[in-house]
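In the two assemblies presented below, chain A is common to both, partnered first by chain B and then by chain C.
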Partner chain A sequence: MIFLRRQLPLVITFVTGVLFTAQYYVPHPRSELMLTEVTKWLQIIGGFALVLGVTSLFHIHAVKIRRKEPGWGYSLVLYAGIFGTIAVGFSYSFAAGQWVNGKETINGIMTAFGWIYLNMMVPLQGSMFALLAFFIASAAYRSFRARSREAALLLIAAVIVMMGRVPLGELLLPVSGDITQWILNVLNASVRRAILIGISLGAIALSLKIIFGIERAYLGGGKE
Partner chain B sequence: MAFELLLGAWVATGLTLFIFTFLYQDNPLFKLAEHLYVGVSVGYTIVKTYDTVLIRLIYEPMVKQGDWSLLIPLGIGTLMLARYLPNATWLSRIAFGFIVGVGSGLAIPRIISSFILKQVEDTVRPLISIAQGAPTFTYNLSDPSSNLNTIVLLIGVVSVLFYFFFSIEHTGPVRVAARTGILFLMVAFGAAFGYTVMARMSLLIGRLSDLIEYADPQYGRASLWLGVATVAILLLWRVQRREQPPDTG
Partner chain C sequence: MNAEWGMMSAWREARGERLWGRIRPLALTLPLVCLSALASTDGAAMAQHALVSPQNLRVIDTPSEAGGGLTVLWSKADYDAPDVRYQILIGEGAEKKVVAEFAADSHYVRDLKWPWWSRPDRPEAHQFNLRSGRGLELKNGTSYTVAVAVVKGTERAETPPVQAIPEPNWVNWNQMNNLLLVLLFGAVVLGSIRTAKQRDIFLRRIPGLDAVDEAIGRATELGKPILYLTGAGDMSEPSTIAAAVILGRVAKRVAAYETDLLVPHRDPIVMAVCQEITKQSYLEAGKPDAFKEDSNFFITTDQFSYTAAVDGIMLRRKPAANFFMGSYFAEALLLTETGASTGAIQIAGTDSDHQLPFFVTTCDYTLIGEELYAASAYLSREPIQVGTLRGQDLGKGFILVVLVLGTILATVGVLFSTDWPRIVLDLFKDLK
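Then we have the complex of A and B:
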């Protein structure tokens, strides 16, 4: 029983890890087929991961409602949002003459599900992220001081890139567009490249540690 | 104008204004929109996942094409749910072992190929070109593949790598390289900041142009009426909060 609980997951990790590392170096149709199949499998398993996440969200808000904690009414709004969208997503579209089943449009006709996406999700998402523009600007105003050579460089680069991406900036400083492109395509690219190489080396080291059973945190706690 | 278009304009305007009220301070209207956003997003994801995973990836291949091998990922996925059974939690480790094992296995060769070898290949390029049999040096800054830019890229990559290399002490020439790396990093962070600000500004412009459009009489001046209503609700909420005794708990 201890083998099943403690060793079997590690054995599965090792076997699948070695198998799919080797798969890349075997250019055989069966090897390609195995990759296609396992990609589909991971998508299916990912669906179950969604169940885990959603259940956790439901549980947290159900507790808030049951205990009538401050702001429990908002949890009801959240539930209404979830169930309302699901109900609309599986409803029948009389205009299109068929079940919606998660389609935003059917034969060019917008469904109620599409309406929710267009008039609720898109504005909410856009506004939420647009809100960050104000906070970024306010944070920049408070913290952008050219206290050192490095801070000055950061400030200048940020200002040039901001100017180079709007017509007004290019009007005020005509070369800002070209400098912006140079900063993004050369200076920024070199830094991204170096950081990417560093991250990749770290990711490979971590993957090897996982495959060889040195890193086991992903197995979590619980009863042995 | 069709009723759904008009209703859509009013709902979109209302939700946009509710979110923007956070600029004043955290308030019930923002919280309402925030929770609705999470709810609608989760509901949308559930419906889409049902359609893609349950119908297209499981039901249709299994029932219509007889591909019963899909029972394996179904079984593995079900094992994940064993997290909720106190005496069988360990079963979920089998599922996690499979996912993490496959993920690690797939990652190693692909990362080496795409993120290390390819990046190094693009960095280590000839510093001098040969044109018509004679060596030439191109200075064009607007061309990322010019020789001058190749040198700048090479210096940038090497110096930033030196900055993040902690196995040797940063003294002498290594210090110079690391300091150069910091300069490159600062420019890149500044550029990333500027780029992010402009991306957010673009979203903001999108929302504001919608608000301007919905202020039109054909939409019943939704932006104006809802703007006034939002301000009125915020004022009421503020007055109500002032009248409430402070929480001493």
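Then we have the complex of A and C:
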């Protein structure tokens, strides 16, 4: 049992880790084929894992409804949404004269399933994304208050960059465009690259630790 | 000039008009004959050069590729100029067709992006890479006949045909510097781990990780749950693995305090892995009974649906501490700003550099980039983990030296129009 829970995953991790690190340096079509095959395996495993995920979702919300926890009404909406969409996805489209089978349009005719996606899902996603503009404004307001020297510097840089990015700003302060480019291309890009170098080294070190079995916490346990 | 003319007149007078009459035609015609002879020699030479076919033609299978490519190489010629053109001809048998035509002063080996150790010829030689596409299909294992022709005005000279077969390659030599540096870095990390086992290594303070205990303590005092997000990535991303590893450390402390832990997921595989990690942490903390199977739960893979759900949890359950670890996209600010509005202590850690400004402005503490990967070592303080941090620092030091050296060498190369700095610069080129 310990072998199955500990040693076997470590062996699989080591072998696949070394194999796919080497794959990066092998341009042969067989190497590409191997990568494609394994990617398919991952998709299949992902499909099975989705069953786990949906089971977890149903379980959590079933418990909420049963216990009448605060907000249990939303769980009912979730169930209605899931089963309603599944039913519509498998329904018969009289307009198109065939079964929907999860298609959004059939011969150019929008199905009920497509209607749900286009008129409910897309606007809801758009609304969530649109909130971002307001959240940026509120976050910027809190951050750009010049309470310290650093915050003041941030405020000045932000004002210049904002002016340099809009036509009106450049009209009022013509030099803002050039300063903005300098801030973005020199200050911002150099710091970003420094962060990326650190991230890359961290990611390589973590990968090495995992491949060589030094880091085992992802297996559900610490050192052993 | 006048003085010379005067001397000439005196000499003429002295020798007599008759002698001058004899040599005058010779004196006038000799320079003309010489000039015309020179001119005719030049013309003949030019005509001869224009007609000479390209020399030292070689056709090789394009190295470091998956096949389907041939590289044509030939020597630089004296007539290389913008008005002279090269033609590349290829065919499966004796019949060939022109597949490319370009100015003779282009397509040099030095123009290739290949590093010096995989260059197939001298930098000043000509090259052309033949590959499938635009009316040409090169099949692996098939023999092709290739020739190069030079065209100048109406003149044309073609090389004898050369046979070549494209083959898939097993090694990408262009990326060998990459492999070498990874192996070097790996050796440094493993060496640092060995050193860390023998003596203590100093770890600089990371306020974001020091605040983990504070956040958990605060949640316990307030009797509110802790919300932990593992990001948008799947289990193949190092940042998600790092987030899962940190979850293990956080869960251990949460278990000790017996505080509620909520871990909503976007990826079912990450959820399954995190469930195991959390369970093990509760076991290690000696509180297996406190573990709740549904502390890790799946919401959806859809970005904004997930965001809406987590925002809802934040507003309804009012967690005292929010952890945002892993990689994030546009949802980052929507999540953290909502969290900030509930008054929760927020700790973020991400390698998504484009989202860092949002985390920095809305969270109390942010682990920037590599600190996310260092978190596991920092929280555990295990020598084996701390050693990897030292390895990373040595790697950064090395890169810093390379950056300075590379800048100097690249500048020298440009200032003195010299090629030798590329010997060093190519070693650090195209690192991924």
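We take it that the second predicted complex is superposed on the first by the 170 of 224 C-alpha atoms of A that agree within 3 Å, B and C clash if a C-alpha of one lies under 4 Å from a C-alpha of the other, contacts with A are read in each partner's own complex, and residues count from 1 in each chain.
Following the convention adopted for this analysis, a contact is a pair of C-beta atoms (placed from the backbone, for glycine too) under 8 Å apart; a residue touches a chain by one contact, two chains touch by 3 or more.
Since the model is a prediction, treat every value here as computed from it, not as a measurement.
S.K.: Thinking of the overlay built on chain A, is A:Gln125 touched by chain B (first), by chain C (second), by both, or by neither?
M.R.: Once the two structures are laid over each other on A, A:Gln125 reaches both partners.
S.K.: Would you check which partner chain A:Arg192 touches, where first means chain B only, second means chain C only, and both and neither mean what they say?
M.R.: In the superposed model, A:Arg192 contacts both chain B and chain C.
S.K.: Between chain B and chain C, which makes contact with more of the residues in chain A?
M.R.: After superposing on chain A, more of chain A is contacted by B.
S.K.: Now for A:Pro27: first (chain B), second (chain C), both, or neither, which partner does it touch?
M.R.: In the superposition, A:Pro27 touches chain C alone.
S.K.: Thinking of the overlay built on chain A, is A:Ile106 touched by chain B (first), by chain C (second), by both, or by neither?
M.R.: neither
S.K.: Looking at the overlay, what does A:Ala203 touch: chain B (first), chain C (second), both, or neither?
M.R.: Touch status of A:Ala203: both partners.
S.K.: Looking at the overlay, what does A:Pro9 touch: chain B (first), chain C (second), both, or neither?
M.R.: first
S.K.: Touching A:Ser143 in the superposition: chain B (first), chain C (second), both, neither?
M.R.: Touch status of A:Ser143: second partner only.
S.K.: Once the two structures are superposed, pull the chain A residues common to the chain B and chain C interfaces.
M.R.: 21, 24-25, 42, 45-46, 49-52, 54, 57, 71, 74, 124-125, 128-129, 131-132, 136, 140, 192, 195-199, 201, 203-204, 206-208, 210, 218-220, 222-223
S.K.: Using the touch rule from the top, collect the residues of chain C that touch chain A in their complex.
M.R.: These residues of chain C touch chain A: 64-67, 168-172, 175-176, 178-179, 182, 185-186, 189-190, 193, 234, 236, 238-239, 241-242, 244-245, 248-249, 265, 267-269, 271-273, 276-277, 279-280, 284, 294, 296-300, 302-305, 307-308, 312, 316, 330, 333-334, 337, 340, 351, 353, 356, 358, 360-362, 368-370, 372-374, 376, 380, 382, 384-385, 388, 391-392, 395-396, 399.
S.K.: Name, in rising order, each residue of chain B that touches chain A in their complex.
M.R.: Chain B reaches chain A through residues 4, 7-9, 11-13, 15-16, 19-20, 22-23, 31-55, 57-58, 69-70, 72-74, 76-78, 80-81, 83-84, 86-87, 89-90, 92-113, 115-116, 119-120, 122-123, 141-142, 144, 149, 152-158, 160-161, 164, 181-198, 200-201, 203-204, 206-207, 210.
S.K.: Which stretch or stretches of chain A touch chain C in the complex?
M.R.: It is residues 21, 24-30, 32, 42, 45-46, 49-54, 56-57, 59-60, 63, 70-71, 74, 124-125, 128-129, 131-132, 135-136, 138-140, 142-143, 192, 195-199, 201-210, 212, 214-215, 217-223 of chain A that touch chain C.
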